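Per-chain residue numbering starts at 1, and chain names A, B and C are given in the order in which the chains are listed.
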Amino acid sequence: MLLTLLLLVALVTAACSSGGGSTRGAGSTTPTSAGPPKSGGRLVIGVEAESDGFDLTKNRPAASGTVVFRAIYDQLYVFDKYDKPQPSLATGAEHNADFTEWTIHVRAGVTFQDGTPLDAAAVQGNIQAIKSSALTGPLLNPIVGVDVVDPLSVRVRLNSALPAFPSYMATALGTIQAPAMRKDPDSGRHPIGTGPYRLKSWTPGSSLVLARNPNYWRKGLPYFDEIEIRPIPDAHSRLSALRAGDVDMIHTSDGQSIADLRKETSLQVQEEKTGETEEGFVMLNTGKPPFDDIRLRKALALATNPQQVIDIAGAGVGTTADGPWAPGSPWYTPTGYPKMDVAQARSLVQQIKAEKGAVNIELKATADPATLQVAQLLKDQWSQVGITTSIKQVEQSQYILDALKGDYQGILWRQFGARDPDLEYPWWNSKYAAPEGALALNFARHASKQIDDAQEQGRHSDDPAVRKAAYATVGRVLAEDLPYVWLSHTVWALAAKPDIHGLGGGTEVDGSAATGPDNGSFSVAELWRG
Amino acid sequence: MKRASPFPDVDPAGVPLLEVEGLSTRFRVPGGVVRAVEDVSFTLHAGRTLGIVGESGSGKTVLARSVMGLLPHNADRPGTIRYRGVDITGWSTRQLVGVRGPEMAMVFQDPMTSLNPYMRIGRQITESLRWHMGLTKAAAASRAVALLDEVGIPSARLRADSYPHQLSGGMRQRATIAIALACSPRLLFADEPTTALDVTVQAQILDLLAAEQREREMGMVLVSHDLGVVAGRSDDIVVMYAGRVVEHAPTRTLFAGLRMPYTQALLAAVPRLDRPSHSRAAVIPGRPPDPTAIDPACRFAPRCPYVQARCQAEEPPLVEAEPGHRYRCWYPVAGPLPRSAPAVSPARRG
Amino acid sequence: MRFVRRQLLHLVPVLFVVTFLSFLLINLLPGDPVITILGPGATQEHVTALRKELALDEPIPVRYVHWLKRIATGHLGQSYVNRQPVLEAIRQRLPTTLELMILAEAFALALAIPMGILAARRPNGIFDRVTTTTAFGLLAVPNFMLAVVLVYVFALHWHLLPAEGYTALTQNPFENLRHLVLPAVTLAAADVAVYVRLLRSEMVTTLQQDFITLARAKGLPDRRILLRHAFRPSTFSLVTVIGLNLGRLIGGAFIVEYIFALPGIGTLTVSSIFNRDYLVVQGTVVLIAVGYVLANFLVDVSYSFLDPRIKDVRALT
């Protein structure tokens, strides 16, 4: 019965696909401009998944959870439209000459929702907790220690130069949680932050209610009195809920839903414009046969027709990818990723066949229909050049483990949505590649001296041009060595009733435009109805 | 309040209670048509009893049910039924609902299956009282107890609360009689009311029915496969074979000079009290014919000890021997039979 | 009373077997709650540490015994993933599922009973044939497709009912009902088909019984005969199947809850299975097993209400 159940549920699941079914589009907006924002009222948002909890040290928020995180907590920094970190709870930061020490100043007069004042000690404890958490610790590897300098300043000591440190603090890693949470074993269900909303009630699987934080330090914000967040995992149901008026707003990365929304005139739609949404791709295990052979990886890339995958499996939503960044991103440069060339692929396969015999590969996919469709399409495309593919379905939690352990040949994957490329450090660095069997964050087990060097350069330089060049190298090497066969950039869209304003993103503390929706998550503080 | 009756309050003198004319009943079944009753006619006056006798399968039950309109959907029923002078042949179920109960009622063959096992005995009586006579709950209940008492059920008040399975066979048949009598019908069909019962109980039940009939001046159709049962309790007798009336006469006339070999055989098959119990008297050899078959022959011919060539070629019509005595035979037997043995050398009609 | 006690004694072995099997099954499935919690950033030390913390490093039988011991003292444990006590999670979600199933069965019966009775009135008549065809049609439509159609018509087109979501009964009974109508109808559809066929065929048999002819001979109108005399004796298979159907109903509720985003036991179980949240799965398995045994106990009890003869037999033993 269990198995049938899983299959049935998988059948109607489209949201949690790991493969690259969805793609990225140019982004279309129905602009709404209507007078000054109005306060009050209640907003109901339909999101794609339930969250585990809201303590960064214990839970891993996906897009849906991040919406709540950003409502309850503030971060030290937030990204602006141009992927630049801008101070939020911090007022600024200084670094020493070699970027190994950062002194962060926090805003005065801010209190947590439980009345505790925000001060340097709170920030220190918070960073230490994040650093020592199993979930977030590896991402803050460079941090060696945190000291309180004065009541409103902390100094972060690093083991190497990290000019991009503010960018780190502009991600979830910069989230500031109340000191009380560190003593609460059930903190995931009792989050306390400084953010525009506090958690009023949460019935997992049903609804989560946020109530306005009356003491929010950004005066005049937020606008809604109350926000209800409802998990509606089925993409189609979620869109139906919006159309039926059950919810005011949804987010989605489902190709079909976005294709439908593009035709919709009675709803407003905001597609994400950043170039840092996740990519869908085929990840190849370069650490073992058959994909330790660059010729086979190349043959696969040449034989793949990503546009067909986008058109058929992604309802035509989005664009093909040539690397981890899309043209909308400041980090984007063309990578020289090989164009589809069936003849060349075929001759490469012939070569390999002559040497090693028939080319049989295994492709792992999750059991949801969207992902399976992608796998099926790829199998067909690859069979055109003489590659025989067997598709193996694996369930989500095992799937991640297989990738970590390198227990796969090819696997459909979705990743690389960070706003600063340094945050992707472990996935590509040879330090994190381990032999099969050991857990390794460099899932493809792709070790490249060129990439390692470029990553160090990107990490330790504060010159944007140098950094951009460094990550251009990363993109180019990935396109040459082909640990990933790129399929598409994920498209996220927000859709809302016409009377909801602020979908395009809010403002920074200084009034400048903040970033818009980011990988499906968005800030609720400046949404209003009118 | 009693429901408005479609019949006159007082019947004009001489109008029979029930007239059946040329009644046939056929069932459409996958294999063809079962001719269960063919061209039956008879008349019954109020206060009198008509006995219907025949072997199992001869169509007695179907005949009785045809008159009351209790046939399944696959039945056709040409012919005419006049009740108290009114032709009720074409009446719908809705119209017949007013006839069944206060006008005609029936006691079924098998008391084990004819009572609703899911309903207390009392309820099964009160529901028709309340429906037809408009009695209140309490009035219906006490009337039901009185009825049960009347049909000889001891501690009737207690029994009214019993379920059928808690009663013996005889008690159950008494209960069905009480149900049938509940609305004081003018015509009672008693369809082999004792066949399923113990011999000792049989006489009691038949006596009870006779007493009730006398008291209420009901017309009664008493159905039995046993000519002996009917003999002493009916005014007229219809003998049926394979759906047809084969002999029809006033009881006295019949026994004075039965004509039909089948009646003779039936009479010989009557269980006798002077024989050892359970020993069946001469059973009629052979089986009744297939009710779906239609061949131009006497239906009884295959089993008839006197069968002649004509019997197998032509079906005999119902002819009158004397006023009121009809039979269906090419070569009828004459006079009564010695009651001790089956006929061996029957006299022939000259 | 003795009967009740015997039924409860049945429950014990059933619970043992069911919980052990489910424990085994989910633990043997590939995948690991630790990976669900830690995600793709998991390192070996963290995995080992967390596994120890959650007592997942012990062999399966030992863990099962631990679990049994805890459950004997009334503790179902808490979720690995969100640390919510299992009992609390179940308490929050059970009303939704119960309501959904009760409502679905109520709909199914409210539709199936009159349809079955009317169809049996004239077997092979027009109504019977139309019902039969409709019933088979309903059986052939998968839950989720029906849901999509219903949502389109009632939520998107006419805006009569919400497309998904849930309001607690205690919060707003009217809204609660509105939210459950479409899911319940979706869930009921296949049952209607089964129940109609079942009731019809049993009614047809009953209507051929002598006691029905007797009821006719009493001059009772058709309606009364069908409802008072024929219906009750014809409900045995129906009642039996309703009891057995609970399993199918739970399975169906899982899908329907997912489609309509209802916070019920179904969505809880499914997400816990995906997350390998063993203790939550075990909790729901216990609940479902108890519910199943209870439902079939009720079916048994209702037999004796339906047929007075059974009660007498039971009194004798």
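The working rule: a contact is a pair of C-beta atoms (placed from the backbone, for glycine too) under 8 Å apart; a residue touches a chain by one contact, two chains touch by 3 or more.
Everything quoted here is computed from the prediction, not taken from an experiment.
K.L.:
By the document's touch definition, which label belongs to this structure's chain graph: line, ring, star, complete, or other?
P.N.:
line
K.L.:
Taking each chain's centre as the mean of its C-alpha atoms, which one lies nearest the mean of all protein C-alpha atoms here?
P.N.:
Chain closest to the assembly's C-alpha mean: C.
K.L.:
How far is the middle of chain B from the middle of chain C, if each middle is the mean of its Cα atoms, in Å?
P.N.:
About 53 Å separates the centre of chain B from that of chain C.
K.L.:
Once you find the CA centre of chain A and the CA centre of chain B, what distance in Å lies between them?
P.N.:
Each chain's C-alpha centroid was found; their separation is 89 Å.
K.L.:
Once you find the CA centre of chain A and the CA centre of chain C, what distance in Å lies between them?
P.N.:
The mean C-alpha positions of chain A and chain C differ by 38 Å.
K.L.:
Inside the complex, what are the residues of chain A that reach chain C?
P.N.:
Going through chain A, the ones touching chain C are 1-2, 4-6, 8-9, 11-13, 46, 50-53, 58-60, 134-135, 137-139, 185-186, 188-189, 203-207, 230-234, 236-238, 240-241, 243-247, 394-398, 400-401, 403-404, 415, 426, 438-439, 441, 443.
K.L.:
Mind listing the chain B positions that touch chain C in their complex?
P.N.:
Interface residues on the chain B side: 65, 68, 70, 72-73, 93-94, 96-102, 105-106, 108, 110, 113-119, 127-128, 131-132, 163, 165-166, 176, 179-180, 182-183.
K.L.:
Quick check on the complex: what are the chain C residues that touch chain B?
P.N.:
122-123, 208-211, 213-222, 224, 228-229, 232-233, 306-309, 312
K.L.:
Note which residues of chain C are touching chain A in the complex, please.
P.N.:
Those residues of chain C that touch chain A are 22, 25-26, 29-33, 35-44, 46-47, 49-50, 81-84, 89, 92-93, 96, 144, 148, 151-152, 155-156, 159, 162-166, 247, 251, 254-255, 258-264, 267-271, 273-276.
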